[in-house]
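Chains: A, B, C and D, in written order; residue numbering restarts at 1 for each.
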Amino acid sequence: MNTNKISILFFGQLTELTGKTELELSGIEDTLAAQEILKDLFPKLGQTPYLLALDREIIHENIPLKGNHTLALLPPYAGG
Amino acid sequence: MNTNKISILFFGQLTELTGKTELELSGIEDTLAAQEILKDLFPKLGQTPYLLALDREIIHENIPLKGNHTLALLPPYAGG
Amino acid sequence: MTMNSHRIRNIFIQGPISAAFIAEKIAAHAVKLNIGGHSIFLGQVRADQKENQEVLCIEYTTYEEMALDVMHKIRQEIFDQYELTCLHIYHSLGTVKAGEISLFVFTSSIHRKPAIDACSEIVERIKKELPVWGKEILSDQTHVWKENK
Amino acid sequence: MTMNSHRIRNIFIQGPISAAFIAEKIAAHAVKLNIGGHSIFLGQVRADQKENQEVLCIEYTTYEEMALDVMHKIRQEIFDQYELTCLHIYHSLGTVKAGEISLFVFTSSIHRKPAIDACSEIVERIKKELPVWGKEILSDQTHVWKENK
């Protein structure tokens, strides 16, 4: 059984949309599963573009989650 | 008979080479004639690259000189 | 290739970047006698019209741990790619008003071309890769979220 | 297209360009609320090795009447070519020591690209087209004449 802890971080407009800056999930198989759960918790996430960063690295495909990780949801950047 | 007055200006290393910053020539037909006279006066000019500016505009061909003008000898630039 | 190129530097400054701060950084390079050219980019907050209101200021936030990783990687790659003598980058966090400066990129090199090219590439990469968000506060106290194109 | 674009401006400054002067020019743009990006180039005198000596300083001279004509033409062409909000150019005359700044080009625009591209093009044109000469004074008090490539 997967007992990992996944810290979820929200930034920018996603903090407004979810009302949170972070939350913790556990027992998550992979990043796609995390995204599905988050979409159930916060349906508006489905309409919003964002990138995923796993442990501070942008990921573009589904990654299995063994052990503890940080998964950040990054809306479009506005630096500069 | 051509009684024009041509002010000759020297800049940069040409002031060292000629020992002058300016001089006046008169009765000069065209810019090529001015260059020949200057080369006779200052033989070292023959070995030195320079551009000619007639009345503050770079020229690349021989120009007849009617009336009074300023002819400047411009060695390689070093601005910046 | 350069001092400190392996150390992670903090690039973030609370509030706007002042002209005095920029001057101080410029003046500090007068002792580097092999530098022939500096290139500087400054990003300034615009009072754009949005939803019939005017942008008064931007509140910048970041994911700092990731941003410093990203910036460190950009620094390394830029130093590998261009013959730079120095490279300094500062970005504001918190509130920066219209007319104030939020980004300061400063490159130096022996001849001018590496400094100019590197500066412009760093600005592009910061806009695309640095996890920073900007909440534009409008004159009616509503807000919109800025998005880089 | 811009204020004063038809007036011939003097670009020359006696001696080096100070960081404080640069800061003053940057700060003056905080009231221009439509500017999004500034690009700055600074030329700094290098202590190059020449003929086994070190360059201590450069003594700059110009053909001022012609230089101002040339600069005016460059300004006009750059404003025609790029969507600039502002353009400022300063060049030193007289003695500028190694480590000091002799050229300051400062462009501003609504979005960053015109400022960046125009600044770099102006620097290239100044090096090629501006009638300015530089006598490099070496550590043994002899001199050589600088030539732009």
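Methods note: a residue touches a chain if its C-beta (ideal position, glycine included) is under 8 Å from a C-beta of that chain, and two chains touch if they have at least 3 such contacts.
It should be emphasised that the depicted structure is a prediction, and the values quoted were computed from it without experimental measurement.
Q: Would you kindly count the fewest steps from chain B to chain D, each step being a jump to a chain that touches the current one?
A: The fewest touching-chain steps linking chain B to chain D number 1.
Q: Averaging only over C-alpha atoms, locate the centres of chain A and chain B and give their separation in whole Å.
A: 74
Q: Starting from the mean Cα coordinates of chain A and chain D, work out the distance between those two points in Å.
A: 49
Q: I'd like the Å distance between the centres of chain A and chain C, where a centre is the mean of that chain's Cα atoms.
A: 27
Q: Touching two or more other chains, which residues of chain A qualify?
A: In chain A, the residues touching two or more other chains are 80.
Q: Can you pull out the residues of chain C that are in contact with at least two other chains?
A: 43, 112, 123
Q: If we use the touch criterion from the header, which chain pairs count as touching?
A: A-C, B-D, C-D
Q: Which of the residues in chain D come into contact with chain B in the complex?
A: 43, 58, 60-63, 65-66, 69, 91, 102-103, 123, 126-135, 145-148
Q: Quick one: which bits of chain D touch chain C in the complex? Just the residue numbers, please.
A: 19-20, 22-24, 26-27, 29-47, 98-101, 108, 110, 112, 116, 119-120, 123
Q: Which of the residues in chain A come into contact with chain C in the complex?
A: 9, 11-13, 53, 56-57, 72, 74-80
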